Amino acid sequence: MAKRAFLFLLLVPLLTYANIIKVCKSCKETELSSAIAHAQKGDTILIYSGVYKARNLIIKIPLTIIGIDNPTIDGENKGTILSVNTDYFSIQNLTIINVGRSFTKDYAAILIAHSKHFTIKNLKLRNLFFGILIEKSHFGLIENNHISSVSLSEAGSGNGIHMWHTSDVIIKNNDLSGLRDGIYLEFVSNSVISNNKSYQNLRYGLHFMFSDKNEYHHNLFKNNGAGVAVMFSKNIKMHDNAFILNWGSASYGLLLKEINDAEIVNNTFEQNTIGINVEGSSRINYKNNTFLRNGWALKVRGACYQNKFTNNNFLNNAFDLSYNSELNDNFFNNNYWSEYTGYDLDKNGIGDVPYRPVKLFSYIVNKTPETLILLRSLFVDIINFSEKVSPVFTPDDLLDNKPLMKKAND
Amino acid sequence: MLKILKYSFYDLMRSRWSYVYFMFYLLLGFVLLFLNNDVDKAVITLMNIIIVLTPLIGTIFGVMYYYNSKEFTELLLAQPINRSKIFMGQYLGISISLTLSLVLGLGIPFVLYGLFQSAAIFNFSLLLVVGAFLNFIFVALSYNIALSTENKIKGFGYAILMWLFLAVIYDGIFLIFLVLFNSYPLDKFSLAATMFNPIDLSRILILLKLDISALLGYTGAVFKQFFGTNFGLFIALGLLTIWIILPVLRMNLKVKKKDF
Amino acid sequence: MIEFKNLHKRFGKLVVLDGLNLEIKKGGIFAILGPNGSGKTTLIKCLLGMVIPNKGDIIFEKKTVLRQWAYRNNLNYLPQIANFPPNLSVMELIEMVKNLRPKTSNSEELIELFGLKTSLDKKLGNLSGGTKQKVNIVLAFMFDSDLIVLDEPTNGLDPIALIHLKEIIQKEKSKGKTILITTHIMSFVEEVADEIVFLLDGKIYFKGTVDALKKQMNNENLEHAIANLIAKQYA
């Protein structure tokens, strides 16, 4: 908040001395390109309703561009539309359409490079390659934008918001769909992504690569190739998000790969093929999450150590947990498991018998995926039961010693 | 045929066992819904019960009714009625009364619970449809066994064995086969193997709606095509219908040649 | 009226009917006799279409009965064992059989005659063997058909019911009906039968009146005459 107040204070003197340039069909300036060419440092350009053809607009001085009555900028599928290379840039209330596609260049509706203090608000971006591309820039706000495209293949489509070597950006209340990745972050830090909706994207709703110390919360990730991928990053806080209906043979709500020291709290994972797919990730705190009707609530592969799973709800998943290792160094306690059949004689709300979240059948399916077709058959129930009575194949110490009798936080 | 159906149906509807069966489902429905308060979980538990129990009850009722009404059947055979109509009437009578017990027994608690306001209505109706299919299939199968086996005890034995085989043993062999030959592509084999067992087929049909998220985790292209679209649903329903038609045809053939 | 032509039937290896030929004319009471396993019941069941012969033909009223069913509308049958659906009441059963046959019936009269009025609402499962047999008889006689087939009709009947049964049989005969009876009770045969058909090893061994049989065997006692008949065959 202090950061934003500071930003505002910096902008105030600029606005005070700025001129206003109007762009409309009957104005002195009828094209955006000439308006930009004539603008002075700190000017405000008002664009009135209408369709303006434009491409490769380059902004090198601090400017504010505001649309009035929803003007449209049409890039005619020819390449990047707006390139920004200045501090204190702001753009609001516009529709930008038809960014060109390319297999060699990352064309975008808006490219911001080497800039600080930028604001992108209330834009509608349609028929895109990349939407907002940000490189080596810092202190930005991306809010209330509606970014969508029709992506057919991963190679022929770009990301909605793509950030690279960037820090201190707030991305909130955006609506992202039909893209490759809704939001892609590479070498990004100290950023907060909140209240966005990212859906029907080809690859990920949100994608972190080598990005430490970020936070995302209250987002909805629905119907993407996979919900969120967090890879090779540290100290990520993930809370109050919903991961829904991410379906497919290698699909998941959340992928964690080589992630350490993260917090995953209060999230909902509903009807994903895999709720969370964890590979080589350690010291993660999973708390108060709800896993509802996923194929696998948790799939743990490779070396994962010292993860804590507490107070989560596992409800009606085909498999609560799949584990490909015989060893266990993770800690399960006080979770609610809908398949738990134990009892609570002392009425303290905690089952008197430990729960084994890994079933024999889950082990068999890991080894021979085709056996999945026998899911919920009587024979499978019988072998699961016998394994429960005397574990042979599944890790002996993989137990929730204090399973809850009622849903956590109910 | 309708007359025979009517009388077989009334006869069964008045027998103690129909009530026991009906009350069982009624109780089960109430317990699952009102003690548990989780429609999703109730539907999953119900699936396990329907897949295992409906075939068993269908099998037992089928053989039992056949042997118990043998003399009555003979009385009917002396009446001016076509033979196959007598047996079709009886067959439909049993199947329909069992299905009615199932649908009413489970339907009443679910309706009282307010199922129509719930999103689970579709899954639940699918369960009932599959249960009905299983009733019709297993009554037909057990009637075939009874028609071919004069000895009542043997007939019962074969019928139970058939149920045990289809409900448990088949899947056991199937699983062992898949594990042993897991270095071969088994996509098509797996799908085909489920087609030859009506219980597996019903299970897959319900899974398509209930656990689609898990099934989609399977990587094989054939599976994906089968599970990913409505195609699988239609194929499974079609095959279940064939599973009714074939035993019924065989029953009619057998009846034409059989001496009483 | 009925003609069995070269009828063959075997169950597995057991030959029950072995090229049987028999013609039964319209009118009169025919007793089909023979030792256990001689093929009496099989013969009747062939006529009823319950057993399907391996070879041969059966003509009833000038038409074959094989693979047919409509002819049974002109045929009444009293089965040997009276076992009915236990959950139906007597009334329901009678109504049901009436419902199955598009014919008028005189069931009330017969119910009255056998004193079944008090039992009409009882479940068939709760009736005694004798009462069941009475119901069985009502079912067999309540329609007006040209042929009546009775398989062991005297089973479990009390003396009064037996008298009634004989009366009905005679009454039906007087209407010109054809009645086929199988029984082991020789006194009953002697009393009611016009003609005897004697079956042995799947063939007709004797066909003729009771007197003709006695004469042929030189024995005034029917039971002995028949015993002689069998003994002679195996001698």
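In this document, chain identifiers A, B and C correspond to the written order of the chains, with residue numbering beginning at 1 in each.
FYI, a contact is a pair of C-beta atoms (placed from the backbone, for glycine too) under 8 Å apart; a residue touches a chain by one contact, two chains touch by 3 or more.
Just so it is clear, the structure is predicted and the values come from calculations on it, not from any experiment.
The set of chains in contact with chain B as well as chain C is empty. Central chain by Cα centroid: B, whose mean Cα position is closest to the mean of all protein Cα atoms. Distance from chain B peaks, on a Cα-centroid basis, for A.
Centre-to-centre, using mean CA coordinates, chain B is 42 Å away from chain C. Centre to centre, using the average C-alpha position, chain A and chain C are separated by 87 Å. Taking each chain's centre as the average of its CA atoms, chain A and chain B sit 45 Å apart.
Against chain B, the residues of chain C that register as touching in their complex are 11, 45, 48-52, 69-73, 75, 77, 79, 81-88, 92, 96-97, 99-101, 139, 149. Residues of chain B touching chain C in their complex: 3, 7, 10-12, 14-15, 68-72, 74-83, 257-260. On the chain B side of its complex with chain A, the touching residues are 38, 40-41, 44, 47-48, 51-52, 167-169, 171-172, 174-175, 178-179, 182, 186-187, 190-191, 194, 199-200, 203-204, 207, 211-220, 223-224.
By the touch criterion given at the top, residues 247-251, 271-274, 292-296, 315-319, 338, 364, 367-382 of chain A touch chain B in their complex.
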